[in-house]
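Read through the structure below, which is laid out as structure tokens, and then see the notes.
Think of it as A, B, C and D in the order they're written, each chain with its own count starting at 1.
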Amino acid sequence: MGGWLYGLVGESPFPPMRAVIYRAVLVVCIVLSTAIAIIDTVHDAWVGVEEPVALAGGLFLAVLSADYILRLLHARSQRGEGESGLAAMARYALSPYGIFDFLAVVPFLVGEAAAMLPHDGETVFGILRFLKLARYSPALETLGVVVLHELRPLLAALFIMLILAISASTLLYFAERATNPNFASVPAAMWWAIVTLATVGYGDVVPITPLGKLLGSVVAVLGLCMFALPASILASGFSEEMKRQNFVSTWHLVSKVPFFARLQASQIAEIAGLLKLARAIKGEVLMREGDTGECMYFIVSGQVEVKGKAGTFILKNGDFFGEIALIERCPRTATVKAVSRCQLLILDARDFHKFVAHDHALLEVIWDTARARMAQAGHVSDKEKEPA
Amino acid sequence: MGGWLYGLVGESPFPPMRAVIYRAVLVVCIVLSTAIAIIDTVHDAWVGVEEPVALAGGLFLAVLSADYILRLLHARSQRGEGESGLAAMARYALSPYGIFDFLAVVPFLVGEAAAMLPHDGETVFGILRFLKLARYSPALETLGVVVLHELRPLLAALFIMLILAISASTLLYFAERATNPNFASVPAAMWWAIVTLATVGYGDVVPITPLGKLLGSVVAVLGLCMFALPASILASGFSEEMKRQNFVSTWHLVSKVPFFARLQASQIAEIAGLLKLARAIKGEVLMREGDTGECMYFIVSGQVEVKGKAGTFILKNGDFFGEIALIERCPRTATVKAVSRCQLLILDARDFHKFVAHDHALLEVIWDTARARMAQAGHVSDKEKEPA
Amino acid sequence: MGGWLYGLVGESPFPPMRAVIYRAVLVVCIVLSTAIAIIDTVHDAWVGVEEPVALAGGLFLAVLSADYILRLLHARSQRGEGESGLAAMARYALSPYGIFDFLAVVPFLVGEAAAMLPHDGETVFGILRFLKLARYSPALETLGVVVLHELRPLLAALFIMLILAISASTLLYFAERATNPNFASVPAAMWWAIVTLATVGYGDVVPITPLGKLLGSVVAVLGLCMFALPASILASGFSEEMKRQNFVSTWHLVSKVPFFARLQASQIAEIAGLLKLARAIKGEVLMREGDTGECMYFIVSGQVEVKGKAGTFILKNGDFFGEIALIERCPRTATVKAVSRCQLLILDARDFHKFVAHDHALLEVIWDTARARMAQAGHVSDKEKEPA
Amino acid sequence: MGGWLYGLVGESPFPPMRAVIYRAVLVVCIVLSTAIAIIDTVHDAWVGVEEPVALAGGLFLAVLSADYILRLLHARSQRGEGESGLAAMARYALSPYGIFDFLAVVPFLVGEAAAMLPHDGETVFGILRFLKLARYSPALETLGVVVLHELRPLLAALFIMLILAISASTLLYFAERATNPNFASVPAAMWWAIVTLATVGYGDVVPITPLGKLLGSVVAVLGLCMFALPASILASGFSEEMKRQNFVSTWHLVSKVPFFARLQASQIAEIAGLLKLARAIKGEVLMREGDTGECMYFIVSGQVEVKGKAGTFILKNGDFFGEIALIERCPRTATVKAVSRCQLLILDARDFHKFVAHDHALLEVIWDTARARMAQAGHVSDKEKEPA
């Protein structure tokens, strides 16, 4: 049953169909359940449809509760060597995802006991269900890593902003307090300062004296400058982290491609930084004869069918294709279709030439294959007799 | 007639004069027609000029309808081998541009039938005419490619923003609901949260309790940080895509310049990343004697006239000029004027030196040509006797 | 006593425990003291708690005063050769931090004299205490360096914005003055222009005529573009400066690692740009057996304990670890824990391979060490018999 | 008199003292004159001080008029070979700066005629005086170049924004028109759409229906994304252009340094991209013994005094200093002071090592000089006996 459960709730990169359906049902339940909890706070929102909504809410809660139990069982079936099933379940229950899953079903447990959860609690737990979606979005985890990594410059930027906010509010307090009740105290002025520095500008608190407006203009322009610091720190950290994650995952995939085995570690590291990972589903057309070719492909897993003038043949993991258009700068000479689910590594035209310029061994292998294929297709031009 | 039509509505990079006029007329018709549809929604906008406006509107509609018919005919004349004319027309009619063209003339078709289109429909279709302009702006297509390419990080950023918005609105709902009718429900609070996180800040919904203002300040600053994610993903994706498009188009042009034929594929790829494509109209002055020289030019097509101390001569496709100022770091020694429409590839001073530093063969060819030209002009300095 | 004082208030990178506590107490005093001064401006904020607040305020002031005296004494104990104690104290008192420290305790000195400081002065000096925190945030200093460095482009961007603001306000003044009392003069219109260009948009002053709205739209979009200039100048200057500071501090640390002694100056400069500085406290786990390895470590100071299949051993300053996972692309083969406070230099997988690709001598040293370690662990694979 | 005039109003990089004073007076006149024109539009701004203000205004106008006449004379004195004085003056008068200068003094000319300029004209011309400052800010010119260079992507971004604005306003018009008079027509809704997309958000027009708020949220988030396009295009174009200008100006300066004469053109281009131009006034201290050294200097023009353990000596154009701290990674071994106005080229530690790593000839020259200097200072360590 562990395997069946793993197929259902496990995090395999190629989930079986039942897991895909299960995920879809779960996501729909979570989204609708959260939506009900949110709309529930609107007075008279459900007039006339109270019953179906309550029924739907109960159903969603039941599904989420069942999911929690399944995941507990799954955790037990995945227990490590020498670990008791209870310990494994506790480990899941205390992990962030386990806690999110639990929070989502609290109303079920408490409600069952004696319907003693006040309405507010229901609202909160209903909305917290949204967190269950985090499981399917690695972005939050990435953001967490970035925030931790860039904590010092981020705090520095926030400290600068805090000093600006305190200074601006003190100045405006003295400039406006006599005539403007909105600046009657420094904390009141600070609300204005933060809203202005963040360039939100509600307009509920606005300086009215000429001096206040002059100072306010300076603060608005400063806000515009300060803006850049946390935003750009986070933005560059985020893109840096995504590149790093991509490098590491590609790096480990490269070793699965026999073709790269002949490369030295440092060359693999270089090419791993250039390759991009892509997936293709069965039947997907990867390139079409006559198109402009802008990249070549390496197959990590799966099979593709190549249909060109030289006939039709099958390529499988370790093979590459699409190199002729890069070397010859001609349109694609064949149409390539995935005949099973494929993992592919893509090498851009620019990166291809950047890499082969320094690595003649690799180029020659690609060249030999390309020439053999072109000869087969009766397509050898004069130029490729003198390889680069 | 196919050729004549192609000259009129086809997408050739060097359109004949009649196509330029046709495009201009069409763009004017589209813009004015959309403007009429927009201003039409203003009550009493046309008082006193109803008739001329209606006439103009009818005229524009007629022009757009004629354009649609011309494009259908053009599609038929461009039909592929073994394709029926009807199939070719259907292919155009179902392409995005074909649909945009059709939407623009719906009021004509329906109006002819029985003037049964309600006024709202007229407004909508009138405004939709604007989409016809997309044909002349490759930017939308580029944006589409970028959004598709960066879909995962964009969705991730939006998901983070959604979680922030839901959390912020739930917190503010509990903080403000007792005193502030604007936060009476979570959806109402969410309007505030999104307006604040996007740093728009209308000010129609604003926290009024001290706790609400404190939380609101945090949300405003978070919004300022979150801002960076989707914006920077799109911005870097956009500029990356524009560079890639430029590389591919330049890469294919380079092979048309005989001068580059001697280079190896990898060198062509390297220099193609450095070259910029430019166009010159007949009579345009490309450089003036005595100016500071900051780039050199390769001619892809067309002819230029070089007028210097060494006399006047003509250069044509495959030739290059402007290299003396780069090698000698002296002002331009000649004035160069396009004598026909030209396509040029431009190489910056910085990139020129970066490239020739690693490629002596190329430098020597440029050097020989430059020295020959300078000798002709009686301008050989001591330095160029020992080439780099 | 000088040493004891240095241990308390000095800026050593590894402060003793009493300094850490002292800092914490000081930061708490500063933050609470500023908070009291800020909240003090709210009418009736302390009703019912006047006495405890006044007491706390007095206490914080006393602590800050004591700190000022301690720092004066510390300055005297740190006096340079041939410098009088008074001169050393004056040097501290006139330094920026000395002035900040003094401003924080002004109310104490003046209040003692005759309670003659008006309430406003108390507010200002109370809030100024916040500046004392600057000592613990190097970010402000960095920002100052960046602003000085990028002064010309920043002023240029502000000048462009000023020209835009003046032009926009003049145009809007003529467009709106007849109907909109908010645009009755150019200075009034300028308040609107700056608030719009900074995308703050309070909404207290808004154009109401069609022409005014049209011009206002253009100004809003221009603001959005202009936004980019100062923000991006500061952002890129900030990150550039942080990189530079990191390079310089790493560069000087590298020479403390005997391992790098064999490298040439230019190689050290290259690797110093790739290394990142990190610190570990006693007991911190630096890597865990079985994890994916994404970097290697060099020890600048301190000791770590390596626990793997090959047994447990200690590494100390000059040693490196974590290289096996990078060379073999396998999971970590050992768990490493800091047994004392450590300074470490981290080299990323990507940078590792980038660097060793060009430097075979370094690679061979790392390789030899790695192979020896792996042999010890009975883990030598076929591949590493032919080193890169 | 031409030379004296050139010294006064000419654009020499090292202006004599009288030009500096003249510029300062002019800038003060322009700023105050513009300020008077702006404040003039405030009703009753000058009550009680009408006379002094009018006097000051007249004075400033007289100064600006005198400046215009001086510049006309200067233009005549600078006339080209075979050019008549009148033609030279006309050329200046019709240049952008000449037109700005003329616009500033229009009230003088017209006012003299018959005080027939209406008050509005006085306001406009008074404010236009601000444009005279453009002469002293090259930023506007740079921005113009960037806007021209990036015109296509900028227009593309604006087109995307226009399509968004039209679509958003049409949607909101249909969603809100029944209940919200602010959305009574598409143009009215477009005011809202642009204010929202630019994230200004005045709040004078806000959707009030649930559907309108939902659509409005989407538009706010889209605006936040779209924001990035024009802003990042301008920002990167601006910084690219500044780098290019710096490269070109440095590139031409490098040839003035005899030391670089031995380098090949491509090496000069490489190092020109790394060098930064700096100026020092007489008496400025460039480095202080004992400081951390982070760069070395090349002297383009001027003289410096080096005072160290090896005694005091003078270096002049073509010499370099500061290299010992970079090679030895030790603190500065001497104090260097400018004894005349100097132009210097600065090479960063990072760039120094990056460059010498590939260029042994240059390193050896620097090395020899450094060793000679250190020998003189009795400071030769063991390490420098084996140069890199």
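Please note the rule applied: a residue touches a chain if its C-beta (ideal position, glycine included) is under 8 Å from a C-beta of that chain, and two chains touch if they have at least 3 such contacts.
If you're wondering where the values come from, they're calculated on a predicted model, not measured in any experiment.
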Chain whose mean Cα position lies farthest from chain C
B
Quick check on chain A against chain B: do more than half of the interface residue numbers occur in both copies, making it same, or fewer, making it different?
different
Comparing B-C against C-D, which pair counts more contacting C-beta pairs?
C-D
One copy, chain A, sits on the other, chain C, after a C-alpha rotation whose size in degrees, in steps of 5, is 90
With chain centres taken as the means of their Cα atoms, state the distance from chain C to chain D in Å.
29
Between chain B and chain C, tell me the centre distance in angstrom, where each centre is the average of that chain's C-alpha atoms.
40
Quick one: which residues in chain A touch 2 or more of the other chains?
187, 190, 199-203, 227, 231-232, 236
Under the stated contact criterion, what part of chain B meets chain C in this complex?
199-203
Considering only the defined contacts, which chain D positions touch chain C in the complex?
34, 37-39, 41-43, 45, 120, 123-124, 127, 130-131, 133-134, 137-140, 142-143, 158, 161, 187, 190-191, 194-195, 198-204, 227, 230-232, 234-236, 238-239, 242, 292, 294, 327, 329, 348-350, 352-354, 356-357, 363, 388
Chain C residues touching chain D in their complex are 153, 155-157, 159-160, 163, 166, 170, 173-174, 184-188, 190, 196, 199-203, 206, 210, 213, 216-217, 220-221, 223-225, 227-229, 231-233, 236, 244, 247-248, 251-252, 255, 264-270, 273
